[in-house]
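Across the two complexes that follow, chain A remains constant while its partner is chain B and subsequently chain C.
Let's turn to the complex of A and B:
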């Protein structure tokens, strides 16, 4: 049934009002950061992690896949942007969408793995990320800059990349907000919960999974590109750092997979905590991140928003 | 070229023995507990660091560090089991969540080793005399031969344990059917704790052997061994100990032969190709007959 042909139910109205409210607050807050002299670097990365965690949520929360090599999309996006800007003199505003396209192409190459499930998918995805890193490491140095990496050499204004990152975040959140209430989103969840039953109901399971996978792949690739533009340098060590996957997964799970607000809440809470720990105990940062992950799985496996919704199931209809 | 190939074969057997041990401990853990230990490589490297600390601190040679590592890691594994696993079993999808939890354990373990030992690569320069032994036309380092001998003895002992003793048979039974074995009156919690401790002890011992065989290790080498363990476990069939032993040797040979014929960086891709190929074309592994997917 098309959305326009029915009147909004009260529950839907509250849902969209809440979404608009949360989205509006986020938007105004981030838009004002450069004007009020806020910490641009901190907020840039906060938006980056919100985007990464939200896009990861499409694969993990909606489609039920745990891609443990998620950094592959990020790294390939970063290198696509850097090579296009540096070697082909493509303007950055064209290079970034092309990075997204590179992410989509990579996702299509990985598509055969979607018939795997559970840990098999996770392990294969991890291996594929390793293959991507090794492939780029083995490309000729004149193209990728070898172990020194590529300097983009663009005199990037941090504020420009900041607002571009914001646009990417807004696009990602809007996509997922739409997805959560769309036929595609419902079909994805049905496929996750019971592929056979979904198939019986007329859902084209492989195609639905592919759509979810593509959405989940495009945003990290663009994130990689924007970050490359922001820091002005790309190398294989940082672009394919396993910690990128780790943080994405941890932030998304901390908030709660399967909800729109979950990864946002998780990213905000954890990035803030990370920053706090980083400033107080720089040496212990990694250790605390690890212990926090373990504690999260053991004591809050559904995440902040997920736990809240379990306590108050009646809120499920209203909370995005 | 002939010499290079012979060298590759010898090294492949030695390295393969190590990989077999890394794989067999991980596959035991998965088979009995249905948890995916992403931190397995870190456990292994922790064994290497224990050997390093014993050697540089107290002058204990690596061979004497073996029993120390076995006992210390068995105890640590036993304790870790009761901290982590019972609570994990309460979550919606313990198998998938275990992957995530051990991701955290691996980060924490690597960070802990970084704090204790620093980021530098370490090695144990305890040399045997003679340093190397002629084996036909090639020379092989004595330390590596000793390590090969120990891996062979350990593998045989493990096989004997799994097939000839009651606890070993209980472990194999638990891999086959966790529910049925409880009906037979086995305390699954204690058996699982034992499996976790045994796997951790094996990982620690393997770490000591790695200090003998490989030139250097650092707190972040763990991730490498985790990947290798996954390759071996998948190639041997998830939860199949004998398959893992065989797969370890096969993978060791493949990797070492690849370094003979292919450039260094390409050789690393061989492992990933084996992993992905196995999952797609033979998901039950080389010895498996039924699919466990």
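Let's turn to the complex of A and C:
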């Protein structure tokens, strides 16, 4: 499952140059935010949504699943981090990878549902996210903090968590860039388009789907952990908020599923739009954002990048 | 006779419907066996049981002498079984090149080598100019050719062709017939389902006629053409 080892064609060169350019611009821009007195909170969440939408893209855009309970990974990652730091005095830099591991374990527990498809998978996944939330809610208060939640207890370090979020975003984008060109990515897209045909072409469909599912689960779990560190508090109400799934889906779809840049463009555009509406129309924020989302889906059903590539199919080879 | 595919007493039911009822057949390497029958005779079900998509209710399937009954399709594919479909099942949102790479993704060969082979295959199928297009952008006939190219990529020894000529322009049919003849000459066992009896009679020295899941006639082209049971099943007279 390696990247192409052949001599790069001109189109491939442009593809990787464009990927490096977009990645470089994002990296420099975000790295300078704390130094230039930028809004750390806004940019922290922008990176978080880019990561969430990109990881969701692996499940939805590459593998063809719509996990409506995607927030489960985020919530479990947040609580794993909080419990490890607060109750077991585990250092945060060890707790965050363990949050990713918790996401992987949860993905393995959910794996039998990968036999389902379409709306049935989405509904079952949504129900399982509810089960996760109820399970954590019913754990002893001394462990989860009950309805008050858990305070990590450490001094909030927004700049540290900001740069860790940046590292997680870079790791997620690098993983998805690799996936898009890898043999695993091709196998995943084949199972998305026609699982039976892929199976008859020699693709081990359950195994390939599981790999994609695991990649898609690890990053939101780490995001949940980093956000817990950033805000210094975790409670079930916010950690398992269905709005997290809704925003992730909207941002990914707005940019265009199935491409590397789509969810990045979608998250950047929609988070900026959300911020703009929030500043100008604080009371009508959700209403206007809802109308904008409906308009986007109606007029650009394939998302911004997806529609562009639909109209300019000759660009497909160049746009990551 | 070097038997490539063999089914023994193969049976498959869908609820109360008997789709296959004790089908015994053998296909030798280098042979093209034609399967004919009216709609619902069990032709595609037979193919689906051979390639592992359906688990038979009874009977066995052997590929090159090894039993593959009930094995998942990807395992059967790795035993050298390739197939095409009645309605093309291409990977719609993938390029033609990527479509061709799917059956060989687990090969040890380098990507460069595999892409070179895929391009040569597309050249042979006269699709090379479209190699970066998405498969959904091809016409129905071109999708049939793409399926055939994709099936040939891993160089299977057994080929299952389900209605390859359905809805295809006569000129393209001629082109496909030439390719199928090439496959048989290369020593591959070909199981060919078609309603186009002219093509079946041209390509197959031996033909099996199915009706209601049973073999009602088997033999050479002339014998099948004049067989009263086949005439009755086809023409109802």
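Methods note: the second predicted complex is superposed on the first by the 315 of 320 C-alpha atoms of A that agree within 3 Å, B and C clash if a C-alpha of one lies under 4 Å from a C-alpha of the other, contacts with A are read in each partner's own complex, and residues count from 1 in each chain.
One rule holds for everything that comes next: a contact is a pair of C-beta atoms (placed from the backbone, for glycine too) under 8 Å apart; a residue touches a chain by one contact, two chains touch by 3 or more.
Here the structure is a predicted model, which is why all the values come from computation and not from measurement.
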Original post:
In the superposed arrangement, which partner chain does A:316 touch: chain B (first), chain C (second), both, or neither?
Top reply: second
Original post:
Between chain B (first) and chain C (second), which, if any, makes contact with A:82: first, second, both or neither?
Top reply: neither
Original post:
In the superposed arrangement, which partner chain does A:200 touch: chain B (first), chain C (second), both, or neither?
Top reply: second
**OP:** Figure out whether A:118 sits in contact with chain B (first) or chain C (second), or with both, or with neither.
**Re:** first
Original post:
After superposition on the shared chain, which partner residues are touched by A:301: those of chain B (first), chain C (second), both, or neither?
Top reply: first
Subject >> Contacts of A:189 with chain B and chain C, given as first, second, both or neither >> reply: second
Original post:
Touching A:258 in the superposition: chain B (first), chain C (second), both, neither?
Top reply: second
**OP:** Please name the chain, chain B or chain C, that touches the greater number of residues in chain A.
**Re:** B
Subject >> Intersection of the chain A residues that touch chain B with those that touch chain C >> reply: none
**OP:** Could you pull out which chain A residues touch chain B in their complex?
**Re:** 66, 68, 112, 116-120, 122-124, 126-128, 130-131, 134-135, 137-138, 242-243, 246, 249-250, 253, 283-287, 289-299, 301-302
Subject >> Complex contacts: residues of chain C adjacent to chain A >> reply: 51-53, 72-74, 76-78, 83, 85, 89-95, 98, 101-103, 105-106, 110-112, 115, 132-134, 137, 150, 154
**OP:** Flag every residue of chain A that touches chain C in the complex, lowest number first.
**Re:** 1-7, 183, 186-187, 189-190, 192-194, 196-205, 258, 313, 316-317
Original post:
Within the complex, which stretch of chain B touches chain A?
Top reply: 36, 84, 87-88, 90-92, 95-97, 99-101, 103-112, 114-115, 223, 227, 230-231, 234, 263, 265-266, 268-269, 272-273, 275-276, 279-280, 283, 293
